[in-house]
Amino acid sequence: MLVTVDPLKPARGQAGLMNRWHPDIPAFARVAQGEVFKLGCHEWTGGQVKNSDDADDIRDVDLSEIHFLTGPVAVDGAEPGDALVVEILNIEYYEEMPWGYTGIFEEKDGGLFASEFKTRASKAVWDFEGRFASSRHIPGVRFAGITHPGIIGTAPSQELLDEWNRREQALNDAHPGASPAVALPPLAEGVYVGQDLPADVLDKIAREGARTVPGREHGGNCDIKNLSIGSKVWLPVFVPGANLAIGDLHFSQGDGEQSFCGAIEQAGKVTLKCSVVKGGIEKFALKQPIFLPSPIDPLYTQQLTFEGIGADLHGDGSQKSMCATTAYKQASLNAIAYLKKLGYTLEQAYLLLSAAPVESHVAALVDVPNAMVTVSLPTAIFDRDILPHPDGLEKRDYGNCALRSDGLRSFDLLDANEDKAKAAKK
Amino acid sequence: MLVTVDPLKPARGQAGLMNRWHPDIPAFARVAQGEVFKLGCHEWTGGQVKNSDDADDIRDVDLSEIHFLTGPVAVDGAEPGDALVVEILNIEYYEEMPWGYTGIFEEKDGGLFASEFKTRASKAVWDFEGRFASSRHIPGVRFAGITHPGIIGTAPSQELLDEWNRREQALNDAHPGASPAVALPPLAEGVYVGQDLPADVLDKIAREGARTVPGREHGGNCDIKNLSIGSKVWLPVFVPGANLAIGDLHFSQGDGEQSFCGAIEQAGKVTLKCSVVKGGIEKFALKQPIFLPSPIDPLYTQQLTFEGIGADLHGDGSQKSMCATTAYKQASLNAIAYLKKLGYTLEQAYLLLSAAPVESHVAALVDVPNAMVTVSLPTAIFDRDILPHPDGLEKRDYGNCALRSDGLRSFDLLDANEDKAKAAKK
Amino acid sequence: MLVTVDPLKPARGQAGLMNRWHPDIPAFARVAQGEVFKLGCHEWTGGQVKNSDDADDIRDVDLSEIHFLTGPVAVDGAEPGDALVVEILNIEYYEEMPWGYTGIFEEKDGGLFASEFKTRASKAVWDFEGRFASSRHIPGVRFAGITHPGIIGTAPSQELLDEWNRREQALNDAHPGASPAVALPPLAEGVYVGQDLPADVLDKIAREGARTVPGREHGGNCDIKNLSIGSKVWLPVFVPGANLAIGDLHFSQGDGEQSFCGAIEQAGKVTLKCSVVKGGIEKFALKQPIFLPSPIDPLYTQQLTFEGIGADLHGDGSQKSMCATTAYKQASLNAIAYLKKLGYTLEQAYLLLSAAPVESHVAALVDVPNAMVTVSLPTAIFDRDILPHPDGLEKRDYGNCALRSDGLRSFDLLDANEDKAKAAKK
Amino acid sequence: MLVTVDPLKPARGQAGLMNRWHPDIPAFARVAQGEVFKLGCHEWTGGQVKNSDDADDIRDVDLSEIHFLTGPVAVDGAEPGDALVVEILNIEYYEEMPWGYTGIFEEKDGGLFASEFKTRASKAVWDFEGRFASSRHIPGVRFAGITHPGIIGTAPSQELLDEWNRREQALNDAHPGASPAVALPPLAEGVYVGQDLPADVLDKIAREGARTVPGREHGGNCDIKNLSIGSKVWLPVFVPGANLAIGDLHFSQGDGEQSFCGAIEQAGKVTLKCSVVKGGIEKFALKQPIFLPSPIDPLYTQQLTFEGIGADLHGDGSQKSMCATTAYKQASLNAIAYLKKLGYTLEQAYLLLSAAPVESHVAALVDVPNAMVTVSLPTAIFDRDILPHPDGLEKRDYGNCALRSDGLRSFDLLDANEDKAKAAKK
């Protein structure tokens, strides 16, 4: 156990953790190639979210603190230009914390449908039973985890870091006043490095350190559900030692993740093994990471698939040009509408689509003007038959997930549009 | 065999074919619910492309003619508001035409990378051996088909058709002079309906008939590789009888399809069975089709996966905001760069990625500002080990695919950028 | 099409067919290595069984005639000691014969449970809809075919043929009067070779030709469901040209096949490609064939599995020593008993277990004295939920399969034993 | 943690363990239905085997002691006639014992090939890296575990126990002097129950308690590789509380297990959940257990398959009648012969076939006189291409596994026969 973490205490104050990307964060530990090692990881918010039945913690979360990662770990022999090969051998949750959660953040903080739904803060707590999860907040489903680190990346060089900051600021500059912001610039508030560092170094990290939210060339917050236990990933190396960091463990996640903390967030212990391919960036044309998915992922063969196109997303007759994002959202909305027919609330459907082993394929990006994307629900995770039967779908009462306690209501633009459409017809 | 087609003669002139969507095209045939029936289908261009070793036919193709579909077929009892359930029981190629093709169209005509590559017209002819395909133009690969109709859809109502034309024209209006055009409005030139129709009806169809290129609410050109033999699809019904049409058969296609005629285009015979769910649109919240993928799709388990993000697509430091299209393109370019390391030319790599059973997942659409999309190459389709080995990738000589005969060269902007970048460093 | 067959006319009289193994049967056709070719195949009995609703044809079948194979086909360059590599590229049924059948032969003729059941002759006719089959005689199930040739083999050398005849006769000699016989010696009656042969050659074949029933070193009647379309098999070569023969096509079959003609027997067209590995027998230690199963087999993931041990097969307290055959039978009987709880008759259950994509694994052959074998029912082939629910299994009325018309009843020894046991308890 | 075990100390002396089946062993713990609980399990020999490089411990193992199981655990509400439903939620190895082993016992103690090979005692130690195992004693392979309990069973009633003892003794009586013995009767020597019991009770258990070696009607030592983590099993209940016991954990095992301790034997912690179906034996015709295999088993798609028939097992011209055991052995010997061509020793090949995720299907048990069984090697577990190439198989030097230290040699009857055959030919 190279880094030990206590998941029941706040991450802030624990050694070997960090929440920004910066080349000047020194390696906290060092491993030899071929060595098998373990890293403790806190859950992404560092302990702000509770195993409770309201979502006030989600509403009040301090996002300046995220993500608490473990590292950096230097790997012997890694040099800029190399590829760092990481095998993800296992991820285990802590016996003392056999649960995780999925949350819907409110409008201000993002999520795929920030501008479609006016959802209040919501949460589902998932209980882990061995390799399976279920939630008292979303009855009727249970599934095996395709467990993976949401974040795995190497440290950027100063040059690369500067470029990230430049281009993301430029995007922000092009969208003044956007809410939620279209990109997250460096933020001194909340910065954490669990090492004793000189003040000037820490200050530089605070001023320049890249936020951990997006995935970038080094991997980072890729949030790829199939980069799971048993995978092998080739990461580009930008600094001596590679300085690997890892965290944001997900017990499960659907393709797309959707609701910002849409995966089942967990603390846990990661088992890794690393090696180095000299000159791997050039050898493999490695602009971003490549990986071999795991041979041991659960297989949910039968899937009910929803098509989505890049037009009329809000029932408003809009037409996008080859926009896979819109098509993905459309397919997701179609799946949510279907789940509501089964009896799930908007919030439950949204959380379920985010957290379950949902598949989404880019089906066609070629037929102007409509992108075509599919979203597929695994039928075997439900304790009932969800297929479209000639008699229609039986609507059951599933209660609701954990909500913010002040009674604010969610507001589904789609329902609103539907109401308008019905009214117009009369 | 409800509609008989001769795949070796031009589609134009054959009965039961059509190449526009319009509610006034009468049903050419009628089936009872539960009846198993077969439809002959021409390949999408109606016979413009040859089994040859140059790509002049691709260069010269007349796109006003596409797609030649078979239908419409009316289904007893289907009414607007219902769902038409279609089971795709089989797709066979004609013994007399045991081949198909994949093409790269030139800049003017579209394709995912129309603005990244200046590719000349290119083509790969694929020979079918039972359920497997290989190509003399892309040596070293062979795979089983995940065979599917690129197009399967019901006829639109007049109201829906008008809305399609309105919103697509609006998009065109917003992008004056775009080349290729961002949407394809109705076009009288090339219209074909293989039935005897009064002149005024035909004229109306010619003026208003929706082009078959994009997928829309009725299904249509969805180009979903997993809507394959063995699938069952629920399509919304907009006109009495549903008036199903089908065509654009693909022996195989990668997720995304990419190069406009990126699938392996084939003529063939489709076996179908239909039923009707009364009020299915309301019962299943059916805004677009939903389907159950086939239990008999080939399974290419091991896949080498490429990450792509929505930034720096051209090596130019650009930054998109949550753009899955850009991320998909990035992942694809990374895969193409890898295939070039193995020895494939740009055109071969592009065609292969379009035609082989490549998977693409929307991995994360949540981490501002970068969308994350993956593109995965099935390793078992290659006759060599393509995994990233420590010693690098052996570059083999695979010749090239069929090209336009006048010697025009393709031009890879990425290579150009790389050259510029190298020059800048010196 | 190297050999053309009319499936609607009796096999006897058609050219290129044969029903015995003998080195002196000359090659009927010859192919080059790498050549793709097609062979028509009759169904195994050569046309004795009808698409009807009684099983008198099964009762009256003349087994001296079986199996009608297609061949021999000589492959250029194959010599004794080589391995013949055969790729099974496709198997199609004839448009004019879109059906097959499964039969239970009566006691005299064999079948796995010849001494457990006194089953009357029974039959299920299966209708093919593209790649799927269902039967009016076994309602409630439908599945995709894992289609394969029950028989694929090379010609034996005279030496090998003599050895087969010797060892099988020795077994018969050791079990005098066994009914059904424990082995089938050469039988002049019914011999057929669809070529013009000198009388003395034909006579030798009739006297010595090995029956086609068992699989042997050359492959032959292996009845392996996963040696299916898309497989590649290495067969030992014993005579110049290898002299491949193929037939006994199965649209589907469960592991074990059980009821003698337990597979779904069909006529059809096989597409093949062959090559030769010089000295392959020595290179690969090829005592029997080896093969690479198909990447395109349907995947029925969820399976309900029945354990079987090598003891107490008939409820009679018997104890076998490491007998996998007994354990397989036990697991099958457990599955049959379960299917009867669902409402299927003994005959239907037996036929279904024989014909559907049932899996059977040798689980453990190590724990004295009990072998352990499992038999697994794919749950997705049923149109209902067959899992063991706390409330028990709903028994439906599925009618019965086709039976012999004279009203003879089947007799289930297990039920009889159960009755006895119940009587004893009172 | 209901039962705590120290895997580094001998099992004998630890509470909550047992090594015989008897209804008079009282429940050591009790659980409610639906409760998730954990049980520590020792490895099957209770600590007799070491992580070392010789096999003297295997040679000297005291089999009167096996298997050390954990239990019995009573489940609230279970009564004779019910079905006990057990979900296997997880199996973890101990951090302090991240290894397991596979052994070949010598002739006297059994194993599938006890009469084919004269193998000396041999052993492979497997190191666990997360969910993967590899062995310094069998280089070149690595695989994910399909981890399962070799033993899971309910307590027998006195009546059932008596019947087991009767029928197994009858078998022994019918094979006097057999070596190894064909069945293992109760044996007072070595009996262990980790509870304080009155002397007379313990004495009765010692005299009558069924050995744990074979699987029986209650489940027991079923050694089914797919009854793995994520499975759900229905066990018949014979005593109040059901009195579940579990143990003999296998990190991995091939179908058949072969070499007596052919699985990768490990200590570990099992997570379970139980419920009861009243009258389940009658409801589900539950003569032996039935189970739903896990949705999370690793998938090794590509497999090289070896056919085996029930004849000529030793190259001696013998002919069995429908013997699946012989066919399984033949297929296994063919696979071993192939592995030897790759460079593995007889012992390594035998151990590998026993421990790796090898599949074995009962292909056909219908074609007199030859049973047909297949054994399949997963190709992806090897670090090289093992497919049969035209140039033959490259023979590498893999050293050997751990052997008994006194230099006794193994003796392969097959090689001996081959030598004889070659000699005879000259």
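So that you can tell them apart, the chains are marked A, B, C and D in the order they are listed, and the count of residues begins at 1 in each.
By definition in this document, contacts are C-beta pairs under 8 Å (C-beta built on N, C-alpha and C of every residue); 3 or more make two chains touch, one makes a residue touch a chain.
Just so it is clear, the model here is predicted, and its values are computed rather than measured.
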Which of B-C and C-D has more C-beta contact pairs: C-D
Taking each chain's C-alpha mean as its centre, the one farthest from chain C: A
Computed distance of Cα centres, chain D from chain B, in Å: 51
Where chain B and chain C are represented by their mean Cα positions, the distance between them in whole Å: 41
Distance between chain centroids, defined by C-alpha means - chain C, chain D (Å): 31
For chain C, residues that touch 2 or more chains besides their own: 295, 299, 301-302, 380
List of chain A residues in touch with chain B within their complex: 83, 110-112, 163, 166-168, 170-171, 175, 180-184, 213-217, 219, 221-227, 234, 255-260, 262, 275, 277-280, 283-285, 287-293, 295, 301-309, 311-312, 317-325, 328-331, 333-334, 337-338, 340-341, 359-374, 376, 387-388, 390, 392-393
Chain A-touching residues of chain D, taken from the complex the two chains share: 36, 87-90, 92, 129-132, 144, 229-230, 271, 273, 295-296, 298-300, 380
Residue ranges of chain A touching chain C (in the complex, touch as defined): 299, 301-302, 380, 385
